[in-house]
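Structures incoming, each one as structure tokens.
In the two complexes below, chain A is the common chain; its partner is chain B in one and chain C in the other.
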Partner chain A sequence: MKFKIQNMIFSDAINNVIRALSTKTPMPILKSIKLDLVNEGIYLTASDSNITIKQFVPTFINDKQILYIEEIGNAAIPGRLLQDVLRKVNEEFVEIALYEDKFIKINFKNSDYTLNCLDVREYPNINLISSNSPIKIEVNKLVELIRQTVISISTNESRPILTGVNLKIVNNTMYCISTDSYRLSQKVLNLDYELPNINIVIPGKSLIEFEKIITNSNGLVDIHLTNNIISFKLDNIIFQSRLLDGTYPETSRLIPKDFGLIQEFNRLELIEVIDRVSLLSKEGASNIIKFDIYEDKTIISLDSPEIGKVVEEIVPKKQEGSLIRIGFNSKFLLDALRVLNQENILVKFTGEVRPFIIKTDDDSVTQLILPVRIE
Partner chain B sequence: MAQIQIMSSSLANKIAAGEVVERPASVVKELVENSIDAQSTKIDIYLEESGIQSIKIIDNGNGMDDKDAILAFERHATSKLLNEQDLFRIMSLGFRGEALPSIASVSDVHLVTSKGDVGTYVNFRGGKLVKKELSHARRGTEITVNSLFFNTPARLKYLKAVNTELSYTIDFINKIALSHPQIAFKLVNNNRALLQTNGNNNLINVLSSLYGVDIAKKIKVIDYEDPYFKFKLHYSEPEINRTTRNYITLIVNDRMVKNNELTKAILEGYETYLPINRYPVVVLNLTVDPLLVDVNVHPAKLEIRLSNLEHLKTVITDIIHKKLKELLYVPKVIFNTPEVKEEVVENQQEFDFLKLDIKEEKSEYSHSFKNELNAKPNDVNRPLYYQENSFKKEVYTNNEADPIPINETDPIVEIKQKIPKLYYIGQLAGTYLLAQNNDGLYLIDQHAAQERVNYEYYLKKFSQRTNEVYDLLIPLTFEFSLNEAINIEENINNLLHINLNVEKFGLNSFIVTQVPNWFKKGNEKMIIEDIFSYVLANKKVDNSILFNDLAITLSCKRSIKANHYINEFEVKQLLFDLEQCDNPYTCPHGRPVIIHMSIAEIEHLFKRTL
Partner chain C sequence: MSLDNLVKLQPKVLKILINSYKKDRLAHAYLFEGEKGTNKKEVAIEFAKVLYCEGTDKPCDNCINCLRIEHNNHPNVLIIEPENNSIKKEQVIYLQKEYSKTTLEPGPKIYIIEEIDKMSNNASNSILKFIEEPQPNTYTILTTDNLHQILPTIISRCQVLNFQPLLKSQIVDFLLENNIELDIAKIVSQLTNDLSRALEIANGEEIVNVVKLVIDIMRAILSKNENPLIIIEDSQVDIVNNKKLLELFLDVSLIYQRDVEHVKNKIEEIVFINESSFIKKYIDNIDMDKIISNIDHIIKAKINLDYNAYSISLIDTLFINLI
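What follows is the complex of A and B.
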């Protein structure tokens, strides 16, 4: 294997696939990125056995040749090291070649790096799945969907199923749900084409990584599914992840439908206030802020005995319903507000100890927050 | 006049009863074993008031004829051992011929038995035959033991609460059902069916009916054979772990036994795979030449002596260790729906990459465990402990195996004041923090310090009467064995005092719907498990002792262990927290947290002062 490639494009691809590389793996070969050089271009693959990312870089991009192939073949190169070396190279092109199946030479200008590498034949076979009827979704919609749901996944492994996002398709409506038991995010999209009903749980971590890869792209993502694997395809990138085992709890009855009080706020203004108030909350100490809702204003306060007290006042743009006093975790509200896009948001309360939801004009998304109850 | 007399047989029986019949569970044990020895395939056990009022066992075994029905109640009457040779090759569960007479001597026994032709009914009360008549001829035996210990009030008095007695019986039936998967067992107390196995000779099925499907799914099997013995070992994957050793069942030649050495060998096999104080679910089914086992160690026939024990222990430990290690790399079969076509991109190897199912948590698991392991109190070689006032003479080693009794006059304990401001120097042996101020050098045991901090934290949180709670969107579920479930159920109301709302959910599961806000998010499950295991270990929990003890238990569990490097930030936090403590000088177990050496003492040591 021997080729010359435009460093920037090659590095971009490495930065993408390297997200699947695990630092702690029992198989040393999985610390490598696998390169497959064929006549049309080069494939890069990395995997930690849960997530696999594969990207293709063609010889020509926009009629410009970025890859010169001298000899096709394949190799497994230590991923992090390759990334680090290339990151420090200022030349436009680098030349990469495999010697004696165990050395990789990287050449540019007057420099000559020889890296030890493992035998590519040890690299495990990766089955990439695909199905005849993928779900198709626009990149920006998918990015928004991921951002709006991953905030509520549980970050603790004690209940593994809650570390994922539940994806359900029921009669051509797609539901994406996440909850850590204290809050819940739900995104509902109507699909305009026939799809079979499904109910799967995608690891939140996988979605977070995938979102980072596609965030600046556009176009359509194809989503392929099997019983335990999900695969996303966008242009030349395949991102495949194992699904979580188990049944996701039924959440439909958790979202309230009748509300005794609805407030409308300017989203950024509310973020600003909550953000400031939260300065006095500390992990472990009280992170509970209180809303004392009056006819003409809402008093937001936080009292953390170890640190201090704060009281702020905010005037909602609109308000309707009976006055209440409610306490909840300020971080939950901030997270929810930050992933919404609209200028104004509605906070809909059911009661002082009942979950409340945050909505916007974009009816597809619901953020639910559980208040604390004083026993 | 001669003083020595042969005991009356009724007295001898009562004395024997003391050894064989301790409580309802031991009666159940003897009777069920008799039914098993009689080749039964179906054994039903009906209890009233956990057996204190009545125990009825119905089997479909060989039964007895009318002569044997009487003879069975004679001391040393057994059909199972005919000559002394037999004693060395015991294959039946009973062989001493003393169970029935012993039971009969302290209760009111009704026996209906038949070999299929004629039926016999006999009634013994206080060991005396009261009645004998013909009865129906259903093949098998039905034996009812009423009014246990009616004539030995002292024994009656020693019985524990009904639920505790019941939990002993459940525990026994669990184990006997595991040792006889070919027999269908049913246990009913006060008309409530507690457990049932189907007798289809599948141990996994039995495990599933006793401990729940979730556990049964995670059970693996090993078969082993060598010239000395063979065994079948059912063992749980490390992700399953329990708070007691009760889930370890040892069976030797179809007899359920207790043997600390074997249990230890199993636990050693799990070492580094399970968190400390957590135990696996294991059924060890050992087959050895009966000549090599001695079961006649104690009348309860639970203990055994085994020849070649050391060899067996090594084999067991090694094999478990090896299998658990392999398990971490065991491929999981992937399932693909038919409509999906597989696009195999590479084809150098047959190895299917996706089959590798190595969960990252596993490595973290063993890692975090290591810390706990290192913290084994006895391993920590504590350095010299100096008493402040009599520095030179009173140098002695503090070995946790026999903790130093800290008496009231110990100056370190008595000073009930906040610790002075300390400046951190560094960590010693991964276990002690060194700090200084104008008064000299301070040695701080990081684990003890953390324990103290946590303890005061928990105690404060527990005793805060009004508290912030969450009604969880998705309740947490916990599964227990039946006898554990009974204990938890009894304490549901007490747990409400710490704002934990536990609800029964099916026969042996619970859901927790409400947790206090101060539980660290994500750790709820762990904390609640700790609380449950505390409840299980202490059986009865009332709120006065609960808070203090529970706080001690929890504070120890979640503390930084010895031999664990902590960074400067953590040290600062710990010192700060310690400064806030009401009693920073001792850990909740009474061991010292801080040892102080004044500059004067140090100077004295270096012979700078005289």
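What follows is the complex of A and C.
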């Protein structure tokens, strides 16, 4: 393998894939970035075995040649070291070549590195799948989907399956569900094309990582699914994650359908109020706020015996139904409100000790919160 | 180590494993139990290789899967070993996460956890959950040299395989094949059960000097001609400042004392073969109670050394007690 490439473009590609490189791994080979040089360009792959990022850099970008290939082939290069070397050198082109399958030479005009590298054949055989029927979704929609669902994943490893987002396709409808058993987020998208039914659980952390990568891009993302791997493809970047093994709990009956009380609020106004009230909640402790709902106003209060007490009034834009008193974790409500986009939101209660949901004009998303008993 | 060599060393265990493999009746969890140096880890790794090998004569040690397992680079084969003498919480969390995920490449998941006794009870219990509810195509191999420190709940969920320690004569023969002198080979065979470790000690510079020092000192104590502390002062071997040497010195001393005890009780078998006539000459100088108390004092010194006792006072105390 031997090639010359424009430093800036190569560094950018390295910076993209290096997010997946693991710092602490029992597998020495995963500290390397894999380079695959083919006639059309170069593929860079980095992985921590949970997530894998692969990027393609073509020979020509905008009709300008940025990559000169002398000999195709592949190699595994120590990732962090390569990044550091490229960062410190201020030259337009870098020349990289593999010698005797054991050494990588990185040449600039005046400097010359020889790095030891591992046998590239030992790199995990990561099949980046491309099924015939990917789910196609716009970047901004996917970002919204991820943000609206990952808030409810569990952080407790004792039930690993709940640390993921359940993705189901049933009769061309896609359901994304997450719950930590105290709250639940659900996003439903109708797909206007034929797709096979599937039911998988994607690790929440992988989704959060992927969201960071695509958040400033636009275009269409292809999602390829199999029973043990999900991969997202956007332009020249492929992001892949392993899945969680196991069956996700059945959640369809948890979301109530009949409501005794519906309130409508301005979303930002409600966020501000809840934010102010939660100032008195203690870090780490459960921060239970109370809604005392009257005909003309709703009193939101928080009573923390060690810190103090706060009471605030808010007048809903609309209200319909029987009056109740309900208490719940303020963080759950804040998380749910912050990931919604519409101006107005509906809070739909079923009873004082029954779950309530938050809806907007956008019917695809549902946020559910379980209340706690208050005296 | 190749499978053929392992079959020679651990015929029983390998027979059980190979038969279960051929009949497709492998257990989902094994507990490999046996002394240090009985090749438990090596057998576990060969086990993984056989399941993944692409060659015809499994394991071929040549295909990419065999090589990756050998270099700990196979994504589906996870080996956890204690760091600084204990299995850390992060390692257990990592393991839990691995258990809950699908595999990166197609194939079985294989987890090898070494020295499971070095894991806290809490951690063992969280592992227990995964062993209890085996997922298809997942194999867990636990190894230990201390079966009694393992939770009974863990043991009851594994198939326990006992690894037989090597015969001392096997180690001596192995060392002789590698051009080690018979007297050193006999002593080293008492120090370890691990062939490669034995060869390492026997080839090391220290062993000859330490053995000479032990002989000088023990002769001095037996014949009561010289003060052992002066011998240590004059010796080239720096057991005072080098903990490893001191440890080796105590181990070898213990073997010598046992020889003295054997001579006293007229047992023919002794390790220091060249010392036999000297010990016999002076054996009436020392009575049985004294020999036993000497052995006790050396063992005590070994324990104190493990607790990082100050070496000068440790040596002084030991010799005051031995003289």
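In this section, the second predicted complex is superposed on the first by the 293 of 375 C-alpha atoms of A that agree within 3 Å, B and C clash if a C-alpha of one lies under 4 Å from a C-alpha of the other, contacts with A are read in each partner's own complex, and residues count from 1 in each chain.
As a convention for this text, contacts are C-beta pairs under 8 Å (C-beta built on N, C-alpha and C of every residue); 3 or more make two chains touch, one makes a residue touch a chain.
Keep in mind the model is a prediction, meaning the values are calculated, not measured.
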Looking at the overlay on chain A, is there a clash between chain B and chain C, or do the two fit? clash
Could you look at A:D101 and tell me whether it touches chain B, chain C, both or neither (first, second, both, neither)? neither
A:L244 in the overlay: touching chain B, chain C, both, or neither? Say first, second, both or neither. second
Between chain B and chain C, whom does A:N125 touch in the aligned arrangement: first, second, both, or neither? both
Contact-wise, after the overlay, does A:D180 reach chain B, chain C, both or neither (first, second, both, neither)? first
Looking at the overlay, does A:I29 come into contact with chain B only (first), chain C only (second), both, or neither? second
Contacts for A:N228 in the overlay, against chain B (first) and chain C (second): which applies, first, second, both or neither? both
Looking at chain A, does chain B or chain C touch a larger number of its residues? B
Which of chain B and chain C A:S49 touches, first, second, both or neither: both
Check the residue A:E157 against both partner chains and state whether it touches chain B (first), chain C (second), both, or neither. both
Both partners, chain B and chain C, contact chain A at residues 26-27, 47, 49-50, 121, 123-127, 157, 227-229, 242
Which stretch or stretches of chain A touch chain B in the complex? 22, 24-27, 36, 43, 47, 49-50, 52, 54, 120-121, 123-132, 154-159, 162, 179-184, 224, 226-229, 242, 249, 251, 254, 284, 288, 327, 353, 355, 368, 370, 372-375
Chain B contacts chain A in the complex at 328-329, 334-337, 339-354, 356-358, 360-361, 363, 466-474, 476, 499, 517-518, 520-526
Per the touch rule above, chain A residues touching chain C in the complex are 26-29, 47, 49-50, 118-119, 121-127, 157, 160-161, 203, 227-229, 242-246
Residue positions on chain C within touch of chain A in the complex are 64, 67-68, 71-75, 78-80, 93, 96-97, 99-106, 135
